[in-house]
Each structure stands twice: as structure tokens, then as C-alpha cells.
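Note that the chains are named A, B, C, D and E in the order they appear, and that numbering of residues resets to 1 at the start of each chain.
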Amino acid sequence: MEHIPLNFPFLAAALLVGISFYIIIFKKNLIKLIMGIAMMASGVNLFLVALGYRAGGNAPIYTDVPEGPMVLPVPQALTLTSIVINVAVLALMLTIVIHIYRHTGSLDSEKSRKMKG
Amino acid sequence: MAALIAQSPILIIAIPLAAAFLTLPIGMASKKARNALVIVSLTFVVFLVFALARDISINGIHVYTLGATSPDLTIPKGFMVPVRIILEVDGMSMLMAIIWSIVSLAAAIYSLSHIANETGQNRFYTLLLLMVTGGFGMMFTGDLFNLFVFLEIASISGAALIAFRTRFADTQEGGFKYIVVSAIASLMVLFAIGLLYSQYNLLNIGALAQVIQYTTLDKIALALLLIAFTMKAGMVPLHLWFPDAYSVAPASITGMLVITSHACMYAAFRVCFTLYGGMLDAPVVGWILIVFGILSMFVGVTMAIFQKDVMRFMSYHAISQLGYMWIGVGVGLAVLGNADLVATYGRDAISGGVFHILNHAMYKPLLFFTGGALFHCTGTRDLTKMGGLAHKLKWTTVLYIIGTLSISGIPPLNGFSSKILIYESVYQFHPILTITGIIVSILTLASFTKAFHSAFMGAELPEYKKVKEVPRSMIIAMVILAAGIVFITLFPSLIVNWTIHPAADALIDQGPYINAVTGAIP
Amino acid sequence: MLSKIVRTVANQLIVFILIFGLYVIAHGHLTPGGGFQGGAVIVSGVVMLLVAFSSKELKKSLRERVLSIMESTGALIFVALAFAGIGTAFFYNLLVGTPIFGRIPAPGPNPGDFWTGGVIPLMNLAVGLKVVAGLSAVVLALALFASGEEVEE
Amino acid sequence: MTFILESGYAFWNPLIWLIAFAVVMVVVYFFRRRGKKEYKKDTAQTRIFLCGEEVPEAEQRHIRVGNIYWGFFETLKEYYNQVLRPHTGIINDYILWFVAITAISAIILLIAGLAK
Amino acid sequence: MRKVVGLILLLVLVAFLVWGVLLIHPFGYPPSDMDDYIIDNAQEQTANNNVVASVVFDYRGFDTLGEATILFTAVTGVLLLLRTLKRREESS
């Protein structure tokens, strides 16, 4: 456990996920819920991209690169994919929320529960 | 032909994808050409799936390395681990692909008239084909991150399709719940993938399975992966979103969504059996699945009896039927470490669970389609407003009876053959499981009788005097699935030997799956 | 619609944004960037136009139908490039070693050569087209819907 | 081609059931044949007879879904009160369940790992 | 009640996540077999200076196809949901 200070980025990512879980569970406003999901996505992306960091590394691009190690390219590619996926999810969520607002006139998740039981 | 089969894993994924991209431009020009494109591409996919299935039953696991100098070259020359994305098709993925190809074709045919009066049809079919792509991708991929990507494709297109009828408020609510749940589940899957990647620097399932250690980190990753996939599959108590989302979608989409649930279930099995495999603390995970499986069966069916909305009622039954699969496969998983017990009843339990996936995938979409036919004719999903429809909907009634008998496990229909496999093997593990299963079966029959009586039986109600039999394409789609039921009913041993046992063996023994990736070092 | 100053500045700036976005897309195989990033840059320009002019004005020049077809085209080009290698394997980079984008760069750090990368620059272009069209369509549709205009099918 | 499905201890043959089904159908057909032939449609013969009372309209005759299995629900009232409680229909609760089950299963997995 | 139980369970989950991420390799020193192979061979195999681009479009190109498909799906979904229901309104 001697490397706890070094692991700070991972810790930040995990806490970001935890905070966004708090938002998603306890905030009843649908827009806030979506913001929570966006935050969770940022947390996961931060986690992924931090996994690939190598101490003192350069970006893995050979064009005029200085001497030294390169950071891992695969996590960066995964993060890129994940970011685009989250953009897509958010766009669709917001669209559906617009419709929910037009139908129920409210953004409260306790108001949009026509179906239960 | 041989070249076609060698390329077929990617073609099965890419053809619906390319067709989806083409649907919009073609649909703007001509409606008929678009419908023909959808049906022809899905029919071709069915053909490819069966050709590949035949090849796999003869030659074993099929691997396809994307972008390599040769599709068989899973690991680059002079290196130890796979770098590229590998598609890997074994018995279990093949079974799922057979199910998915048939149901998606039936759903596309059903949609032709079910949504004929709606606007936005071009985009509807685009999303339908994308969902097909996502499902096949989830079933065929041998790469964890790729699994996540295809899970998202299936989820996003599913959410948009659930919310398709924007004029109703409940569709929007169902779509929103579905997309929130899928977004969070898939983000947790991604987090778990990150945890695994951080330790082993690998993403391929086979290569990971070879080196996995079951450390604390792996346990946390297992919990995240397992619960995220089971939530997407709709296991009690994570089923709450399931009826909300599935009851409001167009019926053809609901039929397909059931199979995406099965695909998530498949992913959970893949994680437990193939990824963790021998390293897994099998009895504990097995008991987790069994306990939640019993809960699913019982809560699902008791909630279903209570329902008054026909699609919601069937959705709860889907949850209940998923419970049979969880306990069947869970018992197999619980005894996985013990070769004797696996031979005595573990293999039969897994076979029963897997066979039940096949059977459920035939009768549950059929029942959802009949529910959609009721909605099509009456304009409501509320059972309290229905009655006497058997006078008008003769085909629908007969098909509903077939589905009902099958889901309740009335011999000789196919539901019985898988349930007997589950009951007999699970009884030796713990008798209470079989007893619960039989009680749930009885309750299932009771609730379907209730729905049958209130929708179809009774005098002809005055408000439905003008109702006509549903359009032909809807009947054709239902008849396809009913024909599947009859076929499985008549030849259970043929089906079990040809598809179910290879699938069960693929789950029990992770060796061939790993060897297919790592054994082929040139 | 905002004031005349904003509209004039936006009109001038969009050219630079377009050029920068195209640069990011076209040099995706040499420098940080690529189809998604460059596409997002260009869409930010579209959003600027949307703010400066109203969605009603913008709809006259950017139609969703055209954007949809552009998006489908980009996606189809991408799939076609992936399919092109199917003689060896799906996604095989078949242009490596050919004169079109096929020069192999010197190993290790080098100044970069535009004609490298195989199918990657072409895929970047296809993805860029797709992202520009797709995200503009989303932004435009959301803006039109929010202002009560009709979104064509 | 064999029809028999082996299930470890027992076996299952759909053919026997189909034969039994066919026999039953023959018997049913036999009884049906014995019914009266001189049956006239759209006369009093086909109308519903209810002890000479006025027959209610179709809408009143039909037993709606809400009235079926009333006793079952009445008996299991307590159970249903309990099982309906988590079905709130609020999306936040759904995610809370996910968090709860994930946390619990992680605890179970870790404790089981320690016991080994 | 709900808030208390929810907070406790949430804290348990977060504790697991935090515990998990503290067990990961030290930040900046990852295991890197697969990535080293890619860094070493990307220039030769994909004729490309940008290793991330080679991963995105070549080694893991299928993911990118899926990603592009997801974007396409979302755009299609958004336009599907925001479509005008004109035909429906006229008839009703």
C-alpha cells in the first residue's frame, strides 16, 4: 500500500463514480439524473485513461516525438470510444426527457411513474 | 461456399449493419424496396447462421481475427497474447445466434403491418437492423470491450424503439427507464473491464481466462459484471424496469427485446463459465444465481397474475421464465468443480437451462406478438376492456393457445421437454428447487387461463363488432414461431443432441474456448 | 437571432472553424486528432451558427434529410473500407505498401509523411463526414423541436 | 430418428403423448357424432337459456379480468402488500436496488474468498 | 429510512470501488505486454505515425465501427423521436 499517493487518479475516478451514484439515487430531477450519468461516464473515462499512463511518457505519436517512453495507446482508444458512446446515450436521453416534459409537464421522477406494480 | 462460411461470423454482423445504413436512403426512394431489403438481408442472415451452425457442429469452434493477415491468425507472429479483436463462435453463441436470427426475422415480418400506420418507418427499420447487429455482436465477440460496444448498440437502439410511439406518455417513460438502466449497467461493465485490463493488460476473453488469478480485484470486477448483466437480463430484484420498458414497446420490438435479455444472460454465463471458469468460487456464484432465480420465478409469476395490462402481464412471465434458466444453469455452475456431480446431473441441469432459453425464445415472442395483435385490433392493452375476441381473431386465438400451453409446460409441447430436464436434474441438487418450479408452472397456467378467458372468451362485445383478423404478415410471423414450437415439440432429442449439448459443453469446459485463441501459436 | 455584430463575426469565424476541423480530420494519422475530434470541431461551428442565427434560418441551408443521407453515406464508406479487406480479413489494412497512402514511415521518431496510414486517413474522412452530418442533425433537430418548428421525417 | 429425450433418470417421448392425444380426439369426435343432427341456427335452440330469466347483455355477461381469482388475491393480501412495495415505478429506486445487490454480492464473494 | 439504507449501501459499494482501485498497479507503472507490442509494431504494420489512430482504426477497428454505429443509432433515434406526427394529427 506504499503507493497510495501515486494512485490518486484512480481514487478520484472511483470517488467520481460514487458521487454520481449518489446523484442518481437521491436527486429526483430527471435532468440532474442525466447529469449524474454524464458524471459517472466521466469518472469511468478518467479511470480508463489513467490506467494507460506511464510515468514520464509521451503521447504515442511518432511525429517529431521527443525521446522517452510512450503511454499506452489502447486505453486512449477505449476512452475515445467510450466518450462517443456517452455522447450518443446523452443525446437520446435528453430527447426522451423533452418528450416526458411535454407529456407530463414535469421533470420530477416521482411524477413520471404511470407504470408501477 | 467454404469461403462464405469462413467469412460468415463477420458477415452475420456486417450484413444487417450495412443494410441498416442503406435503409434510410432506399426508404426515401421506395417503401417496397426498403421492406424487401430488410426481409432479404435478414433471411440471408438466417441462411448464414444455419450454414455456420452446421460447420461448427462438424469442425468445432470458429475464430475470426479482424484485420489480421489471415482470419485464423489469432496471435501475431512472435508474440504471446492476442492484440486484435477476435470473433469466437462456439456452441453456446451459435445457439443464441440461431434464436436471434429466427426471432428477428419474425419480428421484421410482423412489423411490416404492425407499424404500417405510423410515421418514421424508415428510421424504425434502421434501428431494428441495428439492434439485430448489436445482438449478433454480443453473441459472437470474443473481446470484452467489444462486448460492451455491442451491448450499447443493442441498448440504444432498443431504447429508441421502445419510445417509438411518441404520442403516448408511457412509452417515453419506459424508454427513459430502459436507457438509464442500460447506461448505468454498461458503465459498470466498462469499469469492470478497466479493472481486469489494469491487472492483465488484456481484453480478449480467452486470453484473460488463461491468466486470471481471482484476486480481490477480480472479485470486485466479477460482482460488477455479473450484477450489471443480470440487471440487463431482468433478474428479481433488479427486474423493476423490465415490465415498464417491455410493455410499452411495439410488440415486434418487445419480442426482440426478450432475446436481448437472453443475450445479456449469455454474457453473464460467458463471464462466469468462460472468463472466470475454473478459478471461480463456483458454489457461491452458483448459489447467488439459484437464489435470485427462485426469487425471479416466484415473484415474476405472482406479479403476473396480478396484472391487468396484457403486455405487462407477459413481461412478468418473461421474468418468471428467466428464473428457470437461472436455476438450471446456476445448479450446473454450483457443481462445476466436481466432475462426478457434473456428469450425474450438472450437465443435464445446464442443458435444461439452455434448452429453456431456446424454448422461451420461441413461445414468449409468439405470446408478445399475440398481445400486439390484441393491441392492433382493440387499440388498448388493458385486459379489463377486452372480451370475446376469439369470435373474430381465430388465428390469433389458436396461436395464443399454443403459446400458453407451451409456456405452462403442458406435455407434449416444447416447454415441457426443457422443464423436465430442469426438474429432474435440479431435484438431485435440492428438492425445493423442483417444487418451486412446479408451483410456478401451475401458477403460470392459471394466469394465462385468466388472460385467455378475459381477452378471448365470453360473448362478443359490442365495441369489437367491427374487429377483423390481423393482417397477413403478422400471422405469418406468429406462424413462423409456432412452427418452431411444433418442431421442437416433435423432435426434442434431435434438438438437444444437435444444439443444446454442444452449448452446455461449451459452458462446462472453458478449455476449447481458450485453446481456440491461444493454442494456435504459429 | 442575435445582433448583426454577432452574425457577421460568426459568418467570418465559421470559415476558420471549418478549416481547422478539416485539418484535424485530414491529419488524424500524423497528429492527435481524427474523424471524431475534427467532426466535433466542425459541429461546434454549426452550433455557433445555430446560436447566432436562429434554427429557422439555419434550416433553410441545412436540411435534415440531406444531413441524414450524408450520414448514411459516411457510414457506408466506412463499412465499405472495412469490407474492402475482406479478401484477407475484415478490416485488413489493404493499402499498406501501395502508393496511395501506403508509404511506410521510417521507424522511430520522424517528421511525418502525409501519404502514410493505409486506409486510416480515408476512414478518418468517412467518420468525419458521418460525425459532422450526424451531430449537426441532432443539434438542429433538438433546436427546431424546442422552438416548436417542424422536424421533417 | 429417435424421438426419445433422455433426462438422466427418466425419458420423455412426445410420440406417446401425440398418440394419446389422437385417441382422445377420436373419442371426442365419437361423442360429438352422437349429438342431435337436427340443430337449427338462429332459433331459440341456440339462444342462451337462464331459468327463463332475461339474459343480460354481452357486456354484463362477460367476467372481466378484475373479478377473476378474487379469492386468491384476498388470501395472499399480505404477500402482495409486501411484494408491491419495491415496485414504486421511480427510476432512482431501480438504481438503488442495483447498488444494493452489487454491494451485497461483492461482500458475499469476498467473504467466501476469505473462508477458503 | 430509504435515505439511510441507501446511503449505507452506497458507501459499501464506494468502499469496494475505492479499495479496488487502491489495489491496482501504482499509477504510472502499468503492465504493458500488449501495448508495447502495438507501440513497437504499429509503424511497420499500419504504416502510421499515430499509434492511437492505428489502434482505433486498425487493431481495434471493429470497436470504432461499433462506435460509429452507436453514433448513427443515436442520431437515428433522436430524429425518430423528434419526428412530426403530422399524418397522425390529420387523421385524428
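For this structure, a couple of remarks:
Operating definition for what follows: contacts are C-beta pairs under 8 Å (C-beta built on N, C-alpha and C of every residue); 3 or more make two chains touch, one makes a residue touch a chain.
Bear in mind that the values here come from a model prediction, so they are computed numbers and not experimental data.
With steps allowed only between chains in touch, the distance from chain C over to chain D comes to 2. Listed by label, the chains that touch chain A and also chain E are B, C, D. Among the other chains, the CA centroid farthest from that of chain D is the one of C. The interface with the greater number of C-beta contacts, when A-B is set against B-D, is B-D. Centre to centre, using the average C-alpha position, chain A and chain C are separated by 24 Å. Centroid to centroid, with C-alpha atoms defining each point, chain D and chain E lie 43 Å apart.
With each centre defined as the average position of its C-alpha atoms, the distance from chain B to chain C rounds to 36 Å.
A separation of 20 Å divides the Cα centre of chain C from that of chain E. For chain A, the set of residues touching two or more other chains reads 17, 21, 24-26, 33, 47, 51, 59, 61-63, 72, 74, 78, 80-81, 84-85, 87-89, 91-92, 95-96, 98-99, 113-117.
Looking at chain B, residues 17, 21, 24, 66-67, 119-120, 145, 149, 152, 156, 159-160, 163, 166, 176, 180, 184, 191, 198, 201, 203, 216, 220, 223, 244, 303, 306 sit in touch with two or more other chains.
Looking at chain E, residues 6, 10, 13, 16-17, 20, 24, 30, 32, 34-35, 38, 43, 49-50, 52, 54, 56, 58-67, 69-75, 77-79, 81-84, 86 sit in touch with two or more other chains.
The set of touching chain pairs reads A-B, A-C, A-D, A-E, B-C, B-D, B-E, C-E, D-E, using the touch definition from the header. On the side of chain C, the complex with chain E involves touching residues 28-32, 34, 36, 64, 68, 71-72, 75, 78-79, 82, 90-91, 93, 95-97, 101-105, 107-108, 110, 112-113, 116-120, 123-124, 127, 130-131, 134-135, 137-138, 141-142, 144-145, 150-153. Per the touch definition, chain A reaches chain E in the complex via residues 1, 3-4, 6-11, 13-15, 17-18, 21-22, 25-26, 47, 50-56, 59-63, 70, 72-74, 76-78, 80-81, 84-85, 87-89, 91-92, 95-96, 98-99. Touching chain B in their complex are the following residues of chain E: 16-17, 19-20, 23-25, 30-35, 37-38, 41, 58-63, 65-67, 69-70, 72-74, 76-81, 83-88.
Contacts from chain A toward chain C in the complex involve residues 59, 61-67, 80, 84, 87, 91, 94-95, 98.
Every residue of chain A that touches chain D in the complex is listed here, in rising order: 21, 24-28, 33, 109-110, 113-117.
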